[in-house]
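Same chain, two partners: chain A is paired with chain B first, then with chain C.
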Partner chain A sequence: MVADTAHPDLDSAGSPSPALQVRAWIARRTEAVAIPLGAVATGFALFSLFLIALGKSPAGFLDLIYRGGFGSPFALQNSLQRAAPLLFAALCVALPARLGLVVIGGEGAIVLGGVAAAAIAPALAGLPPVLGIPAMALCAALAGAAWIGAVGALRAYRGVNETIASLLMSYIAIALSNHLIEGLLRDPSSLNKPSTRAIAEAFRVGPMPGMKVHWGLGFGVLACVAAWVLTERTTLGFAARIAGGNVRAAQIQGLPVGRLIVGFTALGGALAALAGFFEVTAVHGNANASLVAGYGYTGILVAFLARQNPLAIVPVAFLLGGIEASGGLIQRRMQLPDATVLVLEGLLFVLVLMSETLYGRYKVFSPHLWTRTRAAAPVMAVAS
Partner chain B sequence: MTDIGLWSVLIAVIGGAIRVSTPFLFVSLGETITERSGRINLGLEGTLVFGAMSAYATAVLTGSAWAGVAVAGLAGGAFGLLHGWICRFPRVNDVAVGIALMLFGSGLAFFFGKPFIQPSAPQLPALAFGSWSDLPQIQAALRVNVLFVIGAALSVFLWWALRNTRVGLIVRIAGDSADAARAMGYDVDRVRLLATGAGGVLAGIGGAYLSLYYPGSWNEGISSGQGLMAVALVVFARWNPLACFGAALLFGGAGALGPALQSVGISQGYYLFYAAPYVLTLGVLIATSSPDRALAGAPGELGQGK
Partner chain C sequence: MVAKHSLSRRTLLGGTAALGLAALPFGTARAAGKMTVGVIYVGPKDDYGYNQAHAQGAAALKGMAGIEVVEEENVRETNDVQKTMESMINLDGASLLLPTSFGYFDPHVLIEAKKNPTVQFRHCGGLWTEANPKNAGSYFGYIAQGQYLNGVVAAHATKSKKLGFVAAKPIPQVLNNINGFILGARSVDPSITCQVIFTGEWSLAVKEAEATNALIDGGADVITCHVDSPKVTVETAARRGAFVCGYHADQSALAKDKYLTGAEWDWAPIYKGFVADMQAGKAPPNFLRGGLADGFVKMSAYGPGVSEAARKNADAVKAEMMKGGFAIIKGPLSDNTGKQIAPAGKAYAENAIELESTNYLVEGVRGSA
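The block that comes next holds the complex of A and B.
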């Protein structure tokens, strides 16, 4: 009986030896990697059929993705530059997902964060950049935290559907930002493309040492690691996971479910807004309409591909950043519309969600298979 | 122009409500059928966009606007069936699949729609209900599209059919208690598959209205969230097709406010008026949601996840 029900990780008497535990751990991790990879491969296969039906070459397409996204130092820098906002945008999905919430309004928080940073910049002009730049980031983060945190509060205290509410808030944020960029904050000299006043050179965020990619990438990776520690290694993250699994059980345990929801959504919003902050201070130099670039939506896909695991977001964002970076090249070389990448992304998204049904179906990945030894087998036979 | 001052804003909003509400009406009726069967399809936003594109492309290529409506309905039905089929698998989340299909549908529409942004397509016919009036504003406001009339009739029919027909009863049972439906020998997954397919057909037709009547052209920003607002509207309408009709008119009016004010020269805060439907939807969601008890009229199986 004991051998049958004991979890392989439990350190009780009669638990499997460390070597077997490692094998079980590897089996579970392999499942977590193999199934999404299989889904992505299936997605690429179906997309190849789509291309063949259109009379285009799938091999040529893959080659262009490689060359446009990963093949040269220039392409790599370009992909990393695009991966940076995706890291933050995906965290805005993955953190609330810990509580079982589906938040898809990251785009609005990104835009609002960018506008907030640009709006506060002139007021900080007297400060040294060491203080001024963090103050700008803080201002952006607060705007994003308030925006997505409000969605969380509506969910927690009014029972409002967070998925729809977050997307509506996103549309409202974009309308509000357009209003500010074309009105109150507009630089009178920006005629054709309305934008805010340029951010002072001293307040611009530069590239990381030895790279052309701005600091948003470094902080994005850092944020992913921090989010992983928060969700996997702290009591707060554990409490969030309980609340995500069963709200009633969490409430009975006395967990502050409402405050957890508001906290995690606000944190997600703050991080998404940092993506906007870096786009403004490191890429564009002011806030304008190009802030609405769809990073928020691609971020949703990144989070789901990474199965809401903050550490997995890092490689997935890099992959998606590369695919998006190669969009222009594909458009020019293959005479395909720029939406080609969107079709591929949509297909990958659908297949990854479908692959959820496969977990636990394959015996090869079962930890029990790998902890069962010759010595243990008769015990189990007797027990059952 | 006859000078009727601010009245013209009101008339323009009423006319605009009728014009703008039709896609809301079709999508919300479709989503009502789907949600009554116990599933949420957030992908109707993508279906709406793809419906708009396929209707426009068909109308350009065949010269017939009605052929466009038919193709949009078929395409929408295909997206609905795809959603229904994917959600049959255990542990697949219907809300997440909806988001994926929203992106996939829009992506496909943008992909195939590129060559059709320029050419002009034949438009759907409108009925002149305002011919009794001398005022051009009223005549313009009461030029009502055939699809609006069909949608109005459809909301009455669905309201009746959900209550009084065998099919309506089966859909409601599947939505209120999957166990009860199974006990009665119905295949819940198939009921939901067909209900999602039917919802997709209606959303596709709503898209056809966008590209073939108002605004009457195809471009990538044609929907900008209308499909999603319509899904929110279903909650507001308490899953009642008749209430969907009223709610769609209300939302249409909010959507028409910005253009109506602009037409009389008020362009200050254009973007804020443009956001009016989103703010209204959010307000309605907040007002109609409830933290602890199930909403009256909500299908029992809805949003329980798997």
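The block that comes next holds the complex of A and C.
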């Protein structure tokens, strides 16, 4: 930066004027949006080549994604409904990511949360729904928090790799859930599809006003906003980011790294479990093997595409919900196998991960370029 | 269930969507008199198993005049399947839906049937009752008969007198198949036993391979299974040199000369019957069950490993089954813990309601439900 106190763009203290600071802020934000968007666009371009190789029209494919996912009230609600569980599942990845942890076992927390909600429901019979439903949600959240929190504790206090641990814990959670659904909690009348007893009609969660989509969407968006406030606007979130950036530095500063890790992983698990809670109360009416639907794994994709930013999870989940919603139409209209949509999702995932290396490499996004005084005109160039 | 109170608004929204889309040039125009059938699968259509059997039934409809078939595979047993059904109704104009996975029935088919009273829903495997919507229904087949015939053929092929069964979950439909297989084998040689291993999931390739290997390591030399896709079990067993009896669909291409025979679904005539009913202006039956004699189930062609004696034996039993009323479970019979299931003289024919809630494995089966 050119330190020229006499310059009209600098104030008396030598800092850039507010107008320049705004330009710098815009430059940083543009980078955060332009690079993932570029990666997504590249993904679609590569996928188009794949389609052409199969003798199908990329334009027709995009058209069907639009129609199937976004182009009508029905399509929009379809996408939103599919996005709802992804919001919670993605937070289970994004929150621990603040501490530099890669947790991929949200699926287990979702399933366990659903089973916990269904298990406690009979005991709550007689309570007014306004108490009973939150109590079910709380029970689900506690189960998820304990499960993923345990992964955090293993990491913090025993040095066990959280990625592997969470994946293995997920298998255990699903096996445990199957065991409970087919044994202790089984409704004896559920013959060929073992399920828990049905939740009382009063405890079922309905759709949001004016929509067909259940309340999981509303609470999912709220959870994303709350998670953003927690990570970006509180000292706790700041401490977590410090610990995620450099554990040693955080420890030297006296930050309770272990408790931060356990807290953030437990919170992530609790939120993932809420996805299971909504599946049980708003969709199935009991807990059964259909809870294992892979939302936890799609959630990983959502969190990485959103670059672990809780607010960005909302539009990304909506986009992926839309792609999944149009998957059926693509099968039916283009006679493509279901795996086509998985190929697209996989391409997007890899390209967004690759694009992580591009941050800071384009001068056009550099805040310094935009806070520089007018004497040094901006140069549109790419760093070598 | 979900949101009864906003039904009118929802219907309105759905209707608006359908109207808007109907106005667009959509490629598949809805010609007058054309009927669209929507078929939904829980797994891939080419799984050599449960879903492929249904896809073959759907394929048989494609050649019929005035019939359009729309299909969707890998549809989860969640809200997803409700949306798929709505999409097939609203965007494709489907008037008959065949959601083929057991988990689709309650609550998903029931919800959509209530919402779309002019559309017919026929679900595979569910137990439709009078209390359910009249435009819904369920169909299924007595495929344990096919497993009984598998057992007869296996009994002639085994040298170790040990058979192996890879099973998904200990639920009535699976237990009936295991019981059918061993009782068929023991009708030939009562000294035969069958080891069963449950994988716990409908589709879990790694465990299916492990189970198959474990069964063969334990001495079994004829293997069969009841999982969604028998591909892994069949290929693994054949590679290890064991004989294989197929299930769901024809897997002879996967096991070559190790393939003895197999219990297959035959949905083509059933689906054609539904469509014929609809074209004649009446609703298909609400509750439809049948076995070998009714054309719901068929056997794969005998492989080269099947001896002349085995063919004769199996063909004779099959002829008996074709008369109808064949009882696989008949007394005196005990389960494998020694508890009596049926006293002498008691027999449960294929359509006995008791078989819908089987919770035992018969004597000769090693393993527990």
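For the reader, a short list of remarks on this structure follows.
By our rule, the second predicted complex is superposed on the first by the 362 of 384 C-alpha atoms of A that agree within 3 Å, B and C clash if a C-alpha of one lies under 4 Å from a C-alpha of the other, contacts with A are read in each partner's own complex, and residues count from 1 in each chain.
FYI, contacts are C-beta pairs under 8 Å (C-beta built on N, C-alpha and C of every residue); 3 or more make two chains touch, one makes a residue touch a chain.
Given the structure is predicted, the values throughout are model-derived calculations rather than measurements.
Superposition of the two complexes onto chain A shows a clash between chain B and chain C. When both complexes are overlaid on chain A, the residue A:L168 reaches chain B alone and has no touch with chain C. In the superposed pair of complexes, A:P194 makes contact with chain C only, with no contact to chain B. In the superposed pair of complexes, A:N178 makes contact with chain B and with chain C alike. Within the superposed three-chain model, A:G346 lies in touch with chain B and out of touch with chain C [touch as defined at top].
Of the two partner chains placed by the overlay, only chain C lies in contact with A:G206; chain B stays clear of it.
By the touch criterion stated above, A:K56 is placed in contact with neither chain B nor chain C. By the document's definition of touching, of the two partners only chain B reaches A:V160; chain C does not. Legend: residue contacts after superposition of the two complexes on their common chain; A:P337 is shown touching both chain B and chain C.
Once chain A of one complex is fitted onto chain A of the other, the partner contacts of A:L301 are limited to chain B, with no touch recorded for chain C. Once both structures are placed on chain A, chain A residues 175, 178, 182, 337-339 are touched by chain B and, in the other complex, by chain C.
By the touch criterion stated above, chain A contacts chain B in their complex at residues 102, 104, 154, 157-161, 163-165, 167-169, 171-172, 175-176, 178-179, 182-183, 297, 300-301, 304, 336-340, 342-343, 345-347, 349-350, 353-354, 356-357, 359.
Those residues of chain C lying in contact with chain A across their complex are 1-3, 5-6, 9-10, 13-14, 16-18, 20-21, 27-28, 44-45, 70-80, 83-84, 86-88, 90-92, 102-103, 106-107, 125, 127, 169-173, 200-202, 356-357.
Only residues 42, 86, 89-93, 95-97, 99-101, 103-108, 110-111, 114, 224-225, 228-229, 231-232, 235, 269-272, 274-275, 278-279, 281-282, 285-286, 289-292, 303 of chain B touch chain A when the two sit together in their complex.
Contact residues of chain A toward chain C in the complex are 67-68, 72-75, 77-78, 81-82, 175, 178, 182, 191-194, 204, 206-207, 209-210, 212, 214, 279, 282-285, 288-290, 293-294, 324-325, 328-329, 331-333, 337-339.
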